[in-house]
Amino acid sequence: MAAGLFERLKADNRPVWDAYTRHEFVAGLQTGDLPEAAFQYYLKQDYLFLIQFARAYALAIYKADNLAEMRSALAGVKAILEMEMELHVGYCADWGIAASELESLEEAPENIAYTRFVLERGMAGDLLDLMVALSPCAIGYGEIGARLAKSRETKIEGNPYITWIEMYAGDDYQQLVADMAAEIDALAVKRFTEARFPDLSKTFATATKLEADFWQMGLTAL
Amino acid sequence: MAAGLFERLKADNRPVWDAYTRHEFVAGLQTGDLPEAAFQYYLKQDYLFLIQFARAYALAIYKADNLAEMRSALAGVKAILEMEMELHVGYCADWGIAASELESLEEAPENIAYTRFVLERGMAGDLLDLMVALSPCAIGYGEIGARLAKSRETKIEGNPYITWIEMYAGDDYQQLVADMAAEIDALAVKRFTEARFPDLSKTFATATKLEADFWQMGLTAL
Amino acid sequence: MAAGLFERLKADNRPVWDAYTRHEFVAGLQTGDLPEAAFQYYLKQDYLFLIQFARAYALAIYKADNLAEMRSALAGVKAILEMEMELHVGYCADWGIAASELESLEEAPENIAYTRFVLERGMAGDLLDLMVALSPCAIGYGEIGARLAKSRETKIEGNPYITWIEMYAGDDYQQLVADMAAEIDALAVKRFTEARFPDLSKTFATATKLEADFWQMGLTAL
Amino acid sequence: MAAGLFERLKADNRPVWDAYTRHEFVAGLQTGDLPEAAFQYYLKQDYLFLIQFARAYALAIYKADNLAEMRSALAGVKAILEMEMELHVGYCADWGIAASELESLEEAPENIAYTRFVLERGMAGDLLDLMVALSPCAIGYGEIGARLAKSRETKIEGNPYITWIEMYAGDDYQQLVADMAAEIDALAVKRFTEARFPDLSKTFATATKLEADFWQMGLTAL
């Protein structure tokens, strides 16, 4: 596994991965042409998404085999509940979405599909299943942010989405991505077998498709 | 709770319930005008759905408070794994869908959304949360079957879907529906409070909407 | 893994395994000298134990990766809820323990410790963790029964425990033992790595010690 | 429920509660006569206990119905993993127990019994079941600490256990106790019914007995 499990999973699911990371929604972020209503719809659902992701990291604490794994997962819960949610509420406010609106939102089916798939896979399987199901989101956003930040085709001046791109391209988020990939590799040392690869790849493919559906949700909502 | 908890939940979510039980897909079953490809797509996904529902009943055995609840949930697992799946494979064969095709299907996102929502709600909540999440499917199909079977507008001669309607209108399925409603009421005696009603109603509404999406999936797949 | 994972686990925990399978309680079954009150206490707790084991197999259905694993675990639930519990109630009646007494028993701490450890290990880990935690009971009883049945030192005439020995030495139970070992090996093909061996061996050791405590419970209760 | 659910549970299980909170081990802390080896054995197991309790609070995050419940449970995880464990390691060092020894300890069966019972009850039931199972520990220690701190019979000068008593009698811990009782009452508003009282009382009784066994473990280890 010289390349790392995440890279192998990505290589095994290239068309699906590209359909997600190069989705029309992402292209719209890059050019700045994404309709604002699509982004606002996405932002609102992303608020609910964060709550479910905090639950997934809490599940990872519960499922951990040792204190190091517990503390690593706790960092994930804290990052979401103590920082990201507040940042997100502030960012939503910048986009004209009130905190009160966030609290009374209804979850879109695309949101339910992805988050519950992750939680369920994590409960039925082991910690590696859970982390693989989480990875298209956590790592994919970092990849999208980094690619857009260094692409010449990315509009910077007057692009309303440039702060979004910069956040995911930034050092803090990129470190989180590196940590996640390292954690998957550490789990793989203990729990990966070639015989598991087909199932893990299927989990990865499903999670990636459901992430692409999450982008599509923003466009469809228009 | 003279009316039974299920009836209260339905009454609290009437438009959503009607959108599900009187969906265009259902109307197509009634008139026989549903495109066969839509029905075939639905049948295939329903095979994967049954597997997840067997898991939900297995979860109900695990979560049961006593032997009676365990045996009741076991009956659900057995009904699916030892009877319904075989019937379903045979029924699919009648519709030109080979068993081998069923075994290599990919789950549709609409299928993932509903089934994982149910499993996840059941794991995070208690047995009442689980049964309420299961009820729109289990009881709704019985209501649809019974309504269509006695409606004058239902085409009988030459309706390719008449056996489907008759199965869900039949005594065996109707008894299962009655048992499910009775079980929810029995659980409610122990676990229902008025303060839980909003959450339970939200679970019911979400599950019902995801069931309507499951019908829609068949039409969209065309 | 030519020897099979179960054999490796046993070899890695020989003193603990012997302390369990050659416990004073077992020696008492063999010679017939075990005080009847100890056996009766054990029988009563074993009734409650079966209920928790049925839950463990239900959890295995939920955690299964495919239909074959689901059906295998379902066989375990059915064996307990539809056959073993009834046999156990009948057997208890032969020993003067009324069904009504079984229904109002309080679980002994030794019983809680073992059963909840198994259920918890199974939920937090994967299906292999669960099966390894279950194996000292399921397979160990078969080993004890077989050894006692063919030992010249086992008292046959007038040994009140001879039916117990014959049941676990019998073809039906021995087949169940062989199936369980085969299932662990099948799971190991997919989920075992050398890096997991220490944790799995620890789970096995703990479960085996807690089984020995279960025998001891009967003696201590005198 | 004017008295609060916790008080009702305690009143329903008075002899069991007294056997736990007035256990010989506790009396030994009060008089200073508890053999140091018993206390050291207890301290070591308590280290492993904390890890399982952190998992229980992580489970509470996962099972929470809303953000407020999630944040409350997160406070519990953080208190243990980021503060109590470090304090405990330091306290153990004062008692001559090295950190390295803590990391290679084997869990005592009494420890397994209580912690896995709590985790299992929490997973199978709802958040109220989980909190009720946790309460004899969290609240009981506060009650013991407060009682001993104000009792004239408590030896202060030269009592090697006085810092232990003062910690649990202190404002920080007493606040935690008050918060826990308030949280149980808040959960009860939503999830308590009289019909659940017998099961909840049984959970409480079992957890309390297993806590008493935890004290006894220290004495038996001598």
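Just so it is clear, A, B, C and D label the chains in written order, and each chain counts residues from 1 on its own.
Simple rule for what comes next: a contact is a pair of C-beta atoms (placed from the backbone, for glycine too) under 8 Å apart; a residue touches a chain by one contact, two chains touch by 3 or more.
This is a predicted model, so every value here is computed, not measured.
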Fill in: Those chains which touch chain B and also touch chain A
C, D
Item to complete: Could you find the chain whose CA centre sits the greatest distance from that of chain A?
Response: C
Worksheet item: Hey, what angle do you get rotating chain B onto chain D on C-alpha, to the nearest 5 degrees?
Response: 180
Worksheet item: Copies chain A, chain C: same or different interface, half of numbers shared as the threshold?
Response: same
Discussion item. Taking the mean of the CA coordinates per chain, how far is chain A from chain C in Å?
Written reply: 43
Fill in: chain A and chain D: spacing of chain centres that average the CA atoms, whole Å
37
Item to complete: Give the residues of chain C that touch two or more other chains, as numbers and ranges in rising order.
Response: 55, 62, 123-124
Discussion item. Chains as vertices, touching pairs as edges: which of line, ring, star, complete or other describes this one?
Written reply: complete
Worksheet item: Can you list the residues on chain D that touch chain C in the complex?
Response: 55, 107, 109-110, 112-113, 116-117, 119-120, 123-124, 206, 209-210, 213
Item to complete: Enumerate the contact residues on chain D facing chain A in the complex.
Response: 51, 54-55, 58-59, 61-62, 64, 67, 70-71, 73-74, 77-78, 81
Response to the item:
As the complex stands, chain D meets chain B at residues 62-63, 65, 123-126, 129, 189-193, 195-196, 199
